[in-house]
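Each chain carries a letter (A, B, C, D and E) given by its place in the written order, and its residues are counted from 1.
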Amino acid sequence: MSLETIGISSAWVIPALGAAAFFFIVFFIRAFTPGSAVAKHVPSLSAATSILAIGLGFLLFWFVLADLLNSGPGSFSIHWLTLGDTRLSWGILVDNLSVVMLGLVTFVALLVQIYSLGYMKGHPRFAWYFAVHSLFAAAMLALVLADNLLFLYISWELVGLGSYLLIGFFYEKRSAAEAAKKAFVTTRIGDVGLLIGIILLFKATGTFELSAIFHAAEAGGISQTTLNASAILLFIGAMGKSAQFPFHVWLPDAMEGPTPVSALIHAATMVAAGVYLVARMMPIFELAPTVLLIVAVIGLITFVFAATIALVMTDIKRVLAYSTISHLGLMMLSLGAGSVAAAIFHLVAHGVSKALLFLGSGSVMHATEDRTHIWDMGGLHKVMPITAFTFLIGAASLAGIPPLAGFFSKDEVLLGVLDHRNPIFIVVALAGVALSALYMARVAFVVFLGKKRNPAVHAHESPPTMTVPLILLAVLAVSVGFIAFNWTDTYHGFAGFLEDGGKFHLTIWLTVLSAILAIAGVAVGWLVYVRGTVSHERIATRFATIHRILVNKYYIDELYQWVIDRVVLVFARFIALFDRVVINDTGVDGSGLTVKLSAWRLRYLQSGLLYTYGIFMSVGVTVLALIWWVVLA
Amino acid sequence: MTMFDSYILFIITALPLVGAAVMLFIPAHRQDIIRWFSAAVALVVMAFTFYVFAAYDHEAGGFQFMRAWNWLELPGPWTLGSQGIQLGLGVDGISVPMVMLTGIVMFTGVLISWKIVDRAKEFFILYFLLLGGVFGVFVALDLFFLFFFYELSVVPMYLLIAVWGSSTDFKTFLRTKEYSAMKLMLYLVAGSVLIWIALVAIFAEAGLGTFSILALQEIDFSRNFQLIFFPLLMIGFGILAGLWPFHTWSPDGHVAAPTAVSMVHAGVLMKLGAYGILRVGVFLMPEGADRWMPLLIGLGIVNVLYGAFSAMGQRDLKYVIGYSSVSHMGLVLLGIATLHPLGLGGAVLQMFSHGVMTALFFAVVGAVYDRTHTRDIAMFSGLAKRMVVVAAFFVVAGLASLGLPGTSGFVAELLIFLGLFQTYPIVGVLAVIGAAITAVYILRLLAKVFFGPLDERWKDQTDASPIEKFSAGILVVFILLVGLFPFPFMRVIDSGVTTLLARITGAG
Amino acid sequence: MITLAHFQVLAAALFAVGMYGVLSRRSPVIILMAIELMLNAVNINLIGFAAFGDFPEAHRTFGQVLVVFVITIAAAELALAVAIILRLYRNKGSANVDDVNIMKW
Amino acid sequence: MNNFTLLLPEFLLAGLAFLVLTADFITNDERKRYLPWLAVAGLGGILAFSLIFLWGDIGSLYGGIFRIDGYALFFKAVLIVIGIFVVLSSIDYVKKNLDHPGEYYGILIFTVLGMVLLASSAELLTAYISLELLSFGLYVLVGFDRYNPKSNEASVKYMLLGAFSSALMLFGISQIYGLLGTTRFDEMARVLASLPELSPGLIVGLVLLIAGLAFKVAAVPFHMWAPDAYEGAPTPVTAYLAVGSKAAAFALMLRLFSEALIPSVGDWQIILAILAALTMTVGNLGALVQTNVKRLLAYSSIGHVGYLLLGIAALAFVRDDNTISLATTHLAANGVMLHIVAYAITNIAAFLVISVVFKNPGNEDITGLAGLGRRSPFLAMVLAASVLSLAGLPIFVGFVSKFYLFNAAATQGLLWLVGLAIFTSVISLYYYLQILRQMYVEPAEDDSPIKVSKLTLGVLGLLFAGMVFLGVYPAPLMDAIQYASDAIAVVGSSGAELAHVLD
Amino acid sequence: MITPSLILFYLAGALTLGGALGVVMGRNIVYAAISLIVSLLGVAGVFLLAFAEFLALVQILIYGGAIVIVIVFALMLTRLDEFQQLSEHKQWPLAALSALAFFGVLAAAIARTAVTTRDRAEVSFTALSESLFVDWAIPFEVVSLVLLVALIGAVVMVRRTGERS
């Protein structure tokens, strides 16, 4: 195969490599159980396999991109199963949208894996970690490449599986096991909706093929009810995966996994899936405007809601987690406003920045013996300058400080909202912008600036396997925003790349306003957390109620826990008890007992006395004769 | 068709029975011989079932590998009395996967039972009898023999459970193995009461003087007859398939049974019920089936949800699996009840999938129980630390059970859902939700039992033995194989389902 | 004039009386006697039919033949029964059907 | 002219009985252990002789009161084989528990003769006398354990009630004689066919006749002697009682109902169906609460009588317009015969195991079986096979016979009764499984292995093999049964044609 | 129409039934035995009225002779006083009721059944014996075996050999 022929048609290789790496590690490399000569090489071999696979994938991405630019989108599929007249297939579709995701995923995954080399060093399940990592990445890649909903759903679920295994990687920790379960179950509830939505579309069109479905939808082949229903159901699926309110609860807990995993999940894989799904299915959503409005509303709620919580979290990873939720809300808001390009743009910008932040926080944890409480830290910029600097860049990007990536992408989103949605949306969104700048400033300043707070912490800079990815991501976080502009004649900006005729434009007042708000947010952060002009403790005591609500995350976890403990489990126990007491002991054993009791009664007729027997005989004869005579006469 | 082909079904059915007979003459203290002999027989049988699967011509479809021996003439004025009762064997696209499933579970079950020391000889004899019966049902093309083998598969159950089983004893809840064995036995035979009545009624109504399914399928039974007798078959076979509210034998029985028997029973025997509904009910009385399916839909969805919630409410590890079988068999029943190619195909695949998966479940739970001697979920924590492989197997089984893509469970459930949405969309929604509930209790179990900090009590536990790994590995391979490449399975199933549905459209 | 009905009613009455005896008495010997009465009722019935029945000769004769057999059987039955009752009496020291009830239920 | 050579087997049987009695008289105690073998050899010889000599012979004596045909031959063979097995299974038991072996075996052979005569009778008086020969022998045999109060009590009850029932039956016969003018089966059928309807007197007569037969086979409500007699009798006699007398009585009933009473089937079918329903229900419910194994099997055998009565009730199909179809009578007759054989094999095996396991006669509590699976795997296996066969589960002969029988009944339109029958056999499974449970699950108090004589081993092995072989391949037996049922006039001739005549 | 034979019949019938009632109701076993003889003689009388002289003779000989003697012997072999106070058991009303019901059914059946009859005719002694020994030879042979079995059985039952304490 010459290099020229490598292109879209071989895009399937990218996820396949990851899957192959998974199986290879699990079934071949790990088979060298302790004792064999190669046993001690198992970790390094596994890591090498995994990184090689994803690295090759990243390499292939460039070929695919080149091919796409040359010859436009393409797809192809293989037959999976036939039943009756129904043919189901597996297939991939490479278009501009998927290629963006492809690049993002392979890139972030590659960096995270390299980073993990240092971060996970010496863990007994090192090999397993890389295996699952490969699987996770492969699933996500398959998801973005899927050309039909069935395949998409399959990958979607496998992403869920990967997240389950990765979040629960430290399964000896009860909290990790619980978090993994929570993530899987919560997203699975969304998946119910997704699956039903997909099946509804299948029922209406008889196919899972995206293009065919879109075609049918545009041709009016699907009733409006079905469209609305399936759109909302698809969105429920997306809400689960993308941690939209009220399905967001799993994401903060997912911090229980290794930090690089969080980076991967938050930046490019799992949570991006929901956004990607809605983006991918936009032709359907556009035909269901009501649903699109719902998407916007949910996105907005999530955006602000999560930002408020992020303000008070004291765990560095939790702050980042709520920030992720918040930004995912922003992306949904953008999608709800119909601007796919802005959403994906923000996805990329946020992905890069958030990966950077997580890897940075991982670096901090690595340096501080896995501490995550921000008030334990402080003044770290002195001992770990690279980490601190890159982290600040990432934070600034997400805070929306120009000219970093986050600024451009957020601006794009706001513009979309302004154009397509009620002014209320933009007002609330702008408040959210200020909030996100504030909490980003808070976490960055508290951790890295100021003075050392906990004498027990002896931090040090991390090894190069960790810092190099940080630097790379920082560079991107600075630069990636500029892909928004149309630099050449053929490249009409990111919007143009994603949507035919899509154009990047500016509305100056909004841009300026959002920049001001962002900077104001950072400034307030500076005043409160660095200069100490205003005591954050006093604010907390002044607004104690609000603070308590925020710290307790609006009690939503408690509500869910209550529902599960007091409603679902109680109901389940009731059913179990019902089964035993009513169905089994009463219904089944009862009828058995009835038979047995009647047998007990009956046995006393057999009195053992001769004349009883005789009387029965004579009465029997008489009765038989009467029956015969009377009944038959 | 070669000579060998025409005898292969007979050989598959007869080998376990002959094996049981041969074992009668092996001295009981030579347990090593008994084990290796059993394993060898099971391996050969499994190989033959693979051959049947591979050699089945899915393009031609219909019944293949057929052979019939006249067994008993029935005197009377009928046209086919000289055929009377025939030992007629043959498989179609529906039974082929079932035969293979039985072969797989049989072999793995023998391996899992390697450790049985107490009266091993009797155990394997009864075990083989059981499997001979199961094979017989799947390959019989004569109602008498179908029933014969059906009952045969019930016969050894009582002893297998009551002698080698284990009782459940919590402070508030006691189920002795004797009770469970008795209930299981009586229930299954009670189911066969209805079946039996329906069978003789079919014989009498047809007036052909034969029990041959091939001959009977030519008869158009009157509508009234079908309406009256189809429910008998549906409930009768349904009992074996765990149909709500006649399901309570199943969790109790599975829990009390020894590991291999649970595997066979939940894995294969429950399928006999669903298979019977298809082969006898739907096949011979398509019109009745068409009319009565709403009831089955109703009961089936109750099965799914009720079984799932019951599973969630259990304290005993094995009971969770037992109730999950009830839930999953509900999906099979739903698939059947759709009478739609997708749903039916899904149901058949789900039968296979659930068979393999639940066998794996019971193998794993058995491995845990063998080591810890308790099944109280509250007693466990963090077992994965000591039993990585066992935990991994449990994860695979659990994922298959909650219908994760890449496992067989997904393909099957998906097809059932697709079929359901074509026919009963609301039920489809409920069924999908039921599948999601599965995720809840399976993951809860996983998190509680295998994950978390290791309980001090179990710090000396050992992981799966090589033989356990091997047998469970076989099951895992099939779970993944079907999940990833359902194509070769589905084309066989498709050929069977198509023929079956042609009868319904023809009748209705 | 004597008719068949006379014989029949007499037979029925005797049979019923015998039946009452079997069912009501506690002494096995009296029960045996009552059974003899029942058999005699049968004989009266048979003789009645043989005498009045509108049968061919051979069949009428058969009625009487039957009676011979019944008498014979009755005798044999009585002999055996008395022996068994004696055995009962010797084993238990009494012979009373009320007491013959170790096996029941 | 009467061909008396056809009666040779009967003469030989009587001769054998005399021979055994005489041998007992003249030999010393030491030699008496050869008596049963003399009986077995004699019975075997007679069996062989009958099969060779009478094969294919069809004849009747005295204008049809006594038949020598395939049906009779079949039952002759079955009954003599039953006799042989009962003698064989008595040997150890008699030696240990009973005195007067000569009389025991002599009377036993007389009862075999009685049974054989029953199968050949085609006339009520002959049948009655044969029945009495059988019954008298059984009265004695039941009480043969003379100093065992249970045996004695059983004998008293059986005897007195037997005499009562025979009085009832005789009254019935007298009514039939008086109102039909004949007691010969073929003539009865002719007269019945010519009657527009049954007169009340005749109905009473038939009911009494049926009651007498029902008493012999222990059908409800004439069954109450049976549990007591079964429990009290020496165990081999119990087996004989359960198997032999029932087989013979059904041999008679089958011939009686199909040859003599078939024209009025529309009348008695429902009566028999009621009897059958009562019998199977009461029998199986009764067994449910028993703790004495023999008593349990007694009730179970009552249940089986219900199934056999079901087969008799299903001899003809009464159409809605009251015409009678005999098209599938064959099936029902075959079913009854098959079930008789199946039931016989199974029960003899079960009772033989019980007679070996329980050392003290009179105390056969079910817990005595505990741990039998370890104490003697072979005995346990045979008993397990027996009860499973009785419950009607494959691969044992009980499954085939039940299926065949119930199928026949369903074909004759008695589906409701078949449903009940199948349902009661589920109930029966419960108590059969209790036996299995005792043997395999419960631990034994006394764990010592049970010594089983070679003779018992051989007999049980033979019976077990028979149970399984006939359960898997009943075709040879069915051929014989077919041959037998062909000999019954109504059944054997082309059914459809006869139905036309009878319409 | 009342004829002498009818009067005789009523006489014989009364004797029969009266004796029978004496048997089933008497309190004394010896009286019961005597009542039985009376009843059996009455039956013999009825036989005579049906022109069955031979059977009447047989009746008197066998019943009046053999059977009653056996019973008396039986009474003598056991202690008589054991039997003297014998009465009905507590369920006698049930017994009476069922016997009465049966009689009712029988009587109703007799009343509702039309039988074609003809004049009384006697059966010749020759015909009887010929029939007995020629046509009914087989039952005749068999009944002798029945007697034999009864005899042997009776002997076995009453023999005292091997008596256990």
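Here is the rule we use: a contact is a pair of C-beta atoms (placed from the backbone, for glycine too) under 8 Å apart; a residue touches a chain by one contact, two chains touch by 3 or more.
Bear in mind the structure is a predicted one, so any value in this text is a computation, not a measurement.
Chemist: In the touch network of chains, how many steps separate chain B from chain C on the shortest route?
Modeler: 2
Chemist: Going by the contact rule set out at the top, which chains touch both chain B and chain D?
Modeler: Both-contact set = A.
Chemist: Centre-to-centre on C-alpha atoms, which chain is most distant from chain D?
Modeler: If we average the C-alpha coordinates per chain, A ends up farthest from chain D.
Chemist: Based on the averaged CA atom positions, which chain is farthest from chain B?
Modeler: E
Chemist: Using the touch rule stated at the top, which two chains are linked by the largest number of C-beta contacts?
Modeler: C-E
Chemist: If you average the CA atoms of chain C and of chain D, how many Å lie between those two points?
Modeler: Each chain reduced to its C-alpha mean, chain C and chain D end up 26 Å apart.
Chemist: Roughly how many whole angstrom separate the Cα centroids of chain A and chain D?
Modeler: 76
Chemist: Between chain A and chain B, what is the gap in Å from one C-alpha centre to the other?
Modeler: Distance between chain centres, rounded to whole Å: 37 Å.
Chemist: Using CA atom averages as chain centres, what separation in Å is found between chain A and chain E?
Modeler: 102
Chemist: Do you know which chain C residues sit against two or more other chains?
Modeler: 15, 18-19, 22-24, 31-32, 48, 53-54, 62-63, 65, 69, 73, 76-77, 80, 84-85, 87, 97-98, 100-105
Chemist: Show the residues in chain B shared as contacts by 2 or more other chains, in ascending order.
Modeler: Only 186 qualify.
Chemist: Considering chain D alone, which of its residues make contact with at least two other chains?
Modeler: 125, 129, 132, 136, 139-140, 143, 146-147, 156-157, 160, 164, 168, 178, 200, 203-204, 227-228, 289, 430 - these are the residues of chain D that touch more than one other chain.
Chemist: Under the stated touch criterion, can you name all the chain pairs that qualify?
Modeler: A-B, A-C, A-D, A-E, B-D, C-D, C-E, D-E
Chemist: Could you please specify the touching residues of chain D with respect to chain A in the complex?
Modeler: Touch residues, chain D against chain A: 156-157, 160-161, 164-165, 168, 200, 203-204, 206-208, 210-211, 215, 220-222, 224-225, 227-228, 267-268, 270-271, 274-275, 282, 285-286, 288-289, 427, 430.
Chemist: For a test of understanding, state which residues of chain C touch chain E in their complex under the given definition.
Modeler: 1-10, 12-21, 23-27, 29-30, 32-34, 36-37, 40, 43-44, 47-48, 50-54, 57-58, 60-65, 67-69, 71-80, 82-87, 89, 94-98
Chemist: Touching chain C in the complex: which residues of chain E?
Modeler: Residues 1, 3, 5-6, 9, 13, 16-17, 20-21, 23-24, 29, 32-33, 36, 39-40, 43, 46-47, 49-52, 54-55, 58-59, 62-63, 66-67, 70-71, 73-75, 77-78, 82-83, 86-89, 91-92, 94-96, 98-100, 102-103, 106-107, 110, 115-123, 127-128, 131-132, 135-136, 139-140, 143, 146-147, 149-151, 153-155, 157-158 of chain E touch chain C in their complex.
Chemist: Under the definition above, what is the set of chain A residues touching chain C in their complex?
Modeler: On the chain A side, the touching residues are 603-604, 606-611, 614-615, 618.
Chemist: Which residues, counting only chain C, touch chain A once they are in their complex?
Modeler: Residues in contact with chain A: 19, 22-24, 31, 97-98, 100-105.
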